[in-house]
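By written order: A, B, C and D. Residues from 1 in each chain.
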Amino acid sequence: MRIRYGMVGGGEGAFIGAVHRMAARLDDSFELVCGAFSSEAARALRSGAALGLPAARVYSDYETMLAREAALPTESRMQCVVIVTPNHLHLPVALGALARGFHVLSDKPATATLEQCRQLAAQLRGSGLHYGLTHPYSAYPMIREARARVARGELGAVRKVLVEYTQGWLTEPIDQGGGNKQAAWRHDPAQSGVGGCMGDIGVHAFQLAEFVSGLSVTELCADLRSVVAGRKLDDDGTVLMRFGPAASGTLIASQICAGDENSLRLRVYGERGGIDWQQMEPNSLWLRLLHGPAQLLRTGGAGTGAEAATVQRVPAGHPEGYIEAFGTLYREFALLLQQGGTTSVPGIGAALRGMAFVDTAVASSAAGCQWRALPDHQ
Amino acid sequence: MRIRYGMVGGGEGAFIGAVHRMAARLDDSFELVCGAFSSEAARALRSGAALGLPAARVYSDYETMLAREAALPTESRMQCVVIVTPNHLHLPVALGALARGFHVLSDKPATATLEQCRQLAAQLRGSGLHYGLTHPYSAYPMIREARARVARGELGAVRKVLVEYTQGWLTEPIDQGGGNKQAAWRHDPAQSGVGGCMGDIGVHAFQLAEFVSGLSVTELCADLRSVVAGRKLDDDGTVLMRFGPAASGTLIASQICAGDENSLRLRVYGERGGIDWQQMEPNSLWLRLLHGPAQLLRTGGAGTGAEAATVQRVPAGHPEGYIEAFGTLYREFALLLQQGGTTSVPGIGAALRGMAFVDTAVASSAAGCQWRALPDHQ
Amino acid sequence: MRIRYGMVGGGEGAFIGAVHRMAARLDDSFELVCGAFSSEAARALRSGAALGLPAARVYSDYETMLAREAALPTESRMQCVVIVTPNHLHLPVALGALARGFHVLSDKPATATLEQCRQLAAQLRGSGLHYGLTHPYSAYPMIREARARVARGELGAVRKVLVEYTQGWLTEPIDQGGGNKQAAWRHDPAQSGVGGCMGDIGVHAFQLAEFVSGLSVTELCADLRSVVAGRKLDDDGTVLMRFGPAASGTLIASQICAGDENSLRLRVYGERGGIDWQQMEPNSLWLRLLHGPAQLLRTGGAGTGAEAATVQRVPAGHPEGYIEAFGTLYREFALLLQQGGTTSVPGIGAALRGMAFVDTAVASSAAGCQWRALPDHQ
Amino acid sequence: MRIRYGMVGGGEGAFIGAVHRMAARLDDSFELVCGAFSSEAARALRSGAALGLPAARVYSDYETMLAREAALPTESRMQCVVIVTPNHLHLPVALGALARGFHVLSDKPATATLEQCRQLAAQLRGSGLHYGLTHPYSAYPMIREARARVARGELGAVRKVLVEYTQGWLTEPIDQGGGNKQAAWRHDPAQSGVGGCMGDIGVHAFQLAEFVSGLSVTELCADLRSVVAGRKLDDDGTVLMRFGPAASGTLIASQICAGDENSLRLRVYGERGGIDWQQMEPNSLWLRLLHGPAQLLRTGGAGTGAEAATVQRVPAGHPEGYIEAFGTLYREFALLLQQGGTTSVPGIGAALRGMAFVDTAVASSAAGCQWRALPDHQ
């Protein structure tokens, strides 16, 4: 049985909403039944119609959607709200959904601030409902492989984590002047929250680093900048990190790396070897153990383990990409809703970690690159 | 409105049937309404149930499916048959479907022999129905880009085409002994037809070469082998090709290239430049023009044209893969069924070309690498 | 003690002569003591002076050089002649050198025709002198590694060899009109011999294929073309090859692959795995064994064996290139001259194989791609 | 005329001494005439004999060498001292050489501390002698290309510099226990100076960043660690850098990145584009300008400019490597000695910058990652 979901945000022209819908369809585990796609009524209606929804279930705003859906018979009303709005709406939509008894699957960052995320966690606690956060990079088969190998100790104790996420699309001031809605809200503090680049992509890098290394950042020292004139939030930065006494790391995130596309790369080094993964060639994972040649592990390839195989869709050499990884989160979230149990889908714990990272990085940088402890929520 | 389709083949454990279904779902342009998934009744039923179909529309065989669906009301019966069986069934299923008024979307190769493909073409002619052949590699954004650039003359007159498709999965005799159904039927002449490797993957390479170069192979000289003992059909070969007087090419296809995954690569060289594309990194296309540096065109990247943009799903740097390419064929086939017009989906013309290639290559090789003209059907 | 050598050809502006001299210097195993650098007297003198040679040992032609050097005291006269002229002079210079008691190190192809090469072999036989042929690609560390692994049977019995060597520098008719001396002589049958592209680079690919696979081509079927108008020799071609009954191969060589630089690639596939090497990234060798992940062997890297280590100069990750590989041939040829014994430097056997390849390929193609046996000389 | 040089250090088994000698020979611009190769007399003699030097010019220590050579006739005595000892000897040897009137070409880092480097600079000033520092990476053709393009403003104003240099060879405590002399002295403060990894490889990364960007680091904040137990100097670190108000950067250097070979990478981003270069594929340079496809500039390739062409040795596609880059420094230093003028060889200015970097990074880290201004010497 498919999970019935309603979407908030993601109207015509939005990037991430369409990705969520493709991801939801891929394994037929979710079914879109309603939506509040836009605060512009006409746009909302057109979006719903284009998606084949009956007009009665295309709502003008999320409050209406939550109220009306809650009033529908159990067997037809939505079960889960997918949130793909600008960041400042993540909290109110999620709180409203939880209050009405709907599960929540939210795009990242979880909220606009850490404080908001704590509110969300408080509301979630004891609700009996599930909350998922779409960090799709953590669902790539070779990231699952990397995580499993690190967890099994193949690298020995982890000593160093390098994670970088560089993009170039905000090299020019396209967030200003109104021509680019995607860029504009991301650099408007009122919509984006405390973090600019850190909230948009740094948080992905951070989640990936913790997810694969199995370690938690305990303190950090951040050097963030707003490179492009007129920008109020960070668009570039480097964060020094400590994972307790034994390991340290560096996180680089930038949206002004002219010419870069979506260059997310993770390297983890231990006492006995290192791994190296790049999102733009996601089906390859380098494993370099001391005293032997480098090995290239591949999605579906010989030597690749069960954790990757579980989330692989096609044989080795047939490339899988971003939508498949995203789809895996959907499939796994559906399983969680249907069967409970543990899941690899990032939840409220990852949400709190991510927001703690963003908040702390911004504060550290504002204080002139002071070392700051990360609040521990997990 | 989604196209309602029924699937023949593709039961539990089959690789390509599952790919078709994911592809069909990706853009919500197709809806699976029935199937004859297996000749084993229990397996067929389990497969249908797992896909959420009502038992009434899970059929024990394709003849029953065609007959019963044809008897359903227009608004609910399937509109299109998707064929994902072993090759020997492609013709009878397609002929049956056309006879009942259903469109056909078939996996490759079109049929088991060229003669069969001519029968299919004859039946199709004047039927008012559409026939599509799933060569997914031709739907990758950067293949569309390559084709458009060649067609615009950016390379000058094409002189040379190199296409290779090497796999290693049949290095060992896994087709023998009954343990691997996928391998077994591909090397059983009764199910596979005249070609082994050439029918399975050589035909993809051939289609891609003609699709991108815009040229037609006029004659060929093939050297095919059955490398693994006990194999009756070719598992390895090289084909010399002429595209009229001005251009020539080499096609290498093999399934005994130990260690290779799904290494399809196309290079086209003209008087002024060359292009180079590799399926395992499908979002990159090398364009090398004389007297300037090499350019790396990317799915979604700056400088990439409209033909690629039309079939692109996510921004540059978010990798798209095999399922997306496959999905594009589905979306385009749906548009063809809904709106008519021209399409980039390979049709009966490509089917005849492909089967002419397989038949001629096998005959050329059997005659000791004689040059043979390709029958001209287009 | 360094080997004293004289050079024939390689005057100002020549590409390969300068490479030989750098290679000879790299390990200090050779010392240039004289030369006949050009048939133009002034150019010869300028070249010699630029190289720091005394005028007395800069000769106007090779006959004079051979005669005068032979008349010098043993301890100062040259010991070895290095031939870097156009192909048609390889035989007369080599014969003259051998007649005077000088060792010969020659650029490829050995001679202009197979018949000439047989003359050379006859003269060499019993002379007590050494003959070396500079196929530098066979001296790259990772080629030595590949050869050793194939010889040890790591791939199992070899089944398939793919070798390709594509360049784009002759895409335009630069051999015509007199502007490019390097290109002109290569496509002048009077200077180049029977082969154009096959003699220039096909012969490298052929040597590499036999060197690494350890197999000998027994018959071939060639399809050669002169693509650029006005060209008398082949500038593009594909050769089907048989290595006895068990293995086959394909050799592609072209100089009209617009945009390609010096793309030499060798793949060898056996029953249990495959290797893949590309000259433009020479310090990497892919080893793909069945049932395990791909391994990337590296010059100087862990897991790389003694054969590579012997010819490696700097630690892993400090790239070695073409001049180093060339220098290795010089060092090994010096050792041969000083100590005798076996060597990895290609000798008269490789010379005869190479010329048999060129002659046979040209004849096969002229006969309409007939299969022809390779004369067996080794 | 070749420059006559004597070498201090670089006896049997030493890595970098052999590299210097190959580099010196490559273009025949330097001639080794004497040496003090080792403090062990027998080893020194064996080393000299193996290099073909007469025993009279193989010295037991550098003071003797300097004194004796100074006493030789001008036309035969050495002109230049090449220093390839552990760091703590760089200063005394260089001072001695300058005092005797010899030019100096020194391996990096210039000295053991910044204070020592200032002494060296003082001695050099007014001496009429030349001092060169071998940062070979700055002599790769594509680094020269990168520098020229940045200088011409192709990227617009530089905003961000990312430079990383990771190795894995010190992952295990091979510096301890006496088995590895190369590793041991590098982590012995008495021989290495204030920096461990930063002095060994961080200083290369720093030099490259300033050389290509054309900018000077004004302040930095370093987080250095000694990861391996028992190590007294840093073996891993990240340095945040400011290049005045407009640009910032991150430098990562580590020798405990298990599995990494010699991974030096430089990225420079400006307002209009970025460049990306990796030492392990040194003949490629990515140039990514906004609003167009990425371009791959290549050593010897079309579109590559004069600065690279000047230091290129073989045609495009024939890989050049580390020894060639090193050789270019030798050739350029010879030209400087012979003709004067400006040079691209790093000199005392780069030496002071490098030592200022090492000193400041160590101090910043020791103070808990404080921002520190770099002393300005240039």
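The rule is simple: a contact is a pair of C-beta atoms (placed from the backbone, for glycine too) under 8 Å apart; a residue touches a chain by one contact, two chains touch by 3 or more.
On a predicted model such as this, the values are computed, not experimentally measured, just so you know.
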What's the overlap between the neighbours of chain B and those of chain C? A, D
Measuring between mean CA coordinates, which chain is farthest from chain C? A
Check: interface with higher C-beta contact count, A-C vs A-B, is A-B
Measuring from the mean C-alpha position of chain A to the mean C-alpha position of chain D, what distance in angstrom results? 42
At what distance in angstrom does the C-alpha mean of chain B lie from that of chain A? 35
I'd like to verify one number: the distance from the centre of chain A to the centre of chain C, where each centre is the average of its C-alpha atoms, in whole angstrom. 55
By the touch definition above, chain B meets two or more other chains at residues 260, 290, 294, 298, 301
Which stretch or stretches of chain D touch chain C in the complex? 1-2, 15, 18-19, 21-22, 25-28, 51-52, 167, 169, 260-263, 279-283, 298, 300-301, 313-324
Residues on chain C engaged by chain B in the complex (per definition of touch): 155, 159-160, 162, 164, 168, 171-172, 221, 223, 225, 227, 236, 238, 240, 248, 250, 252, 254, 256-260, 267, 269-274, 286, 288-290, 294, 368-369, 371
How about chain B: which of its residues touch chain D in the complex? 287, 290-298, 301-304
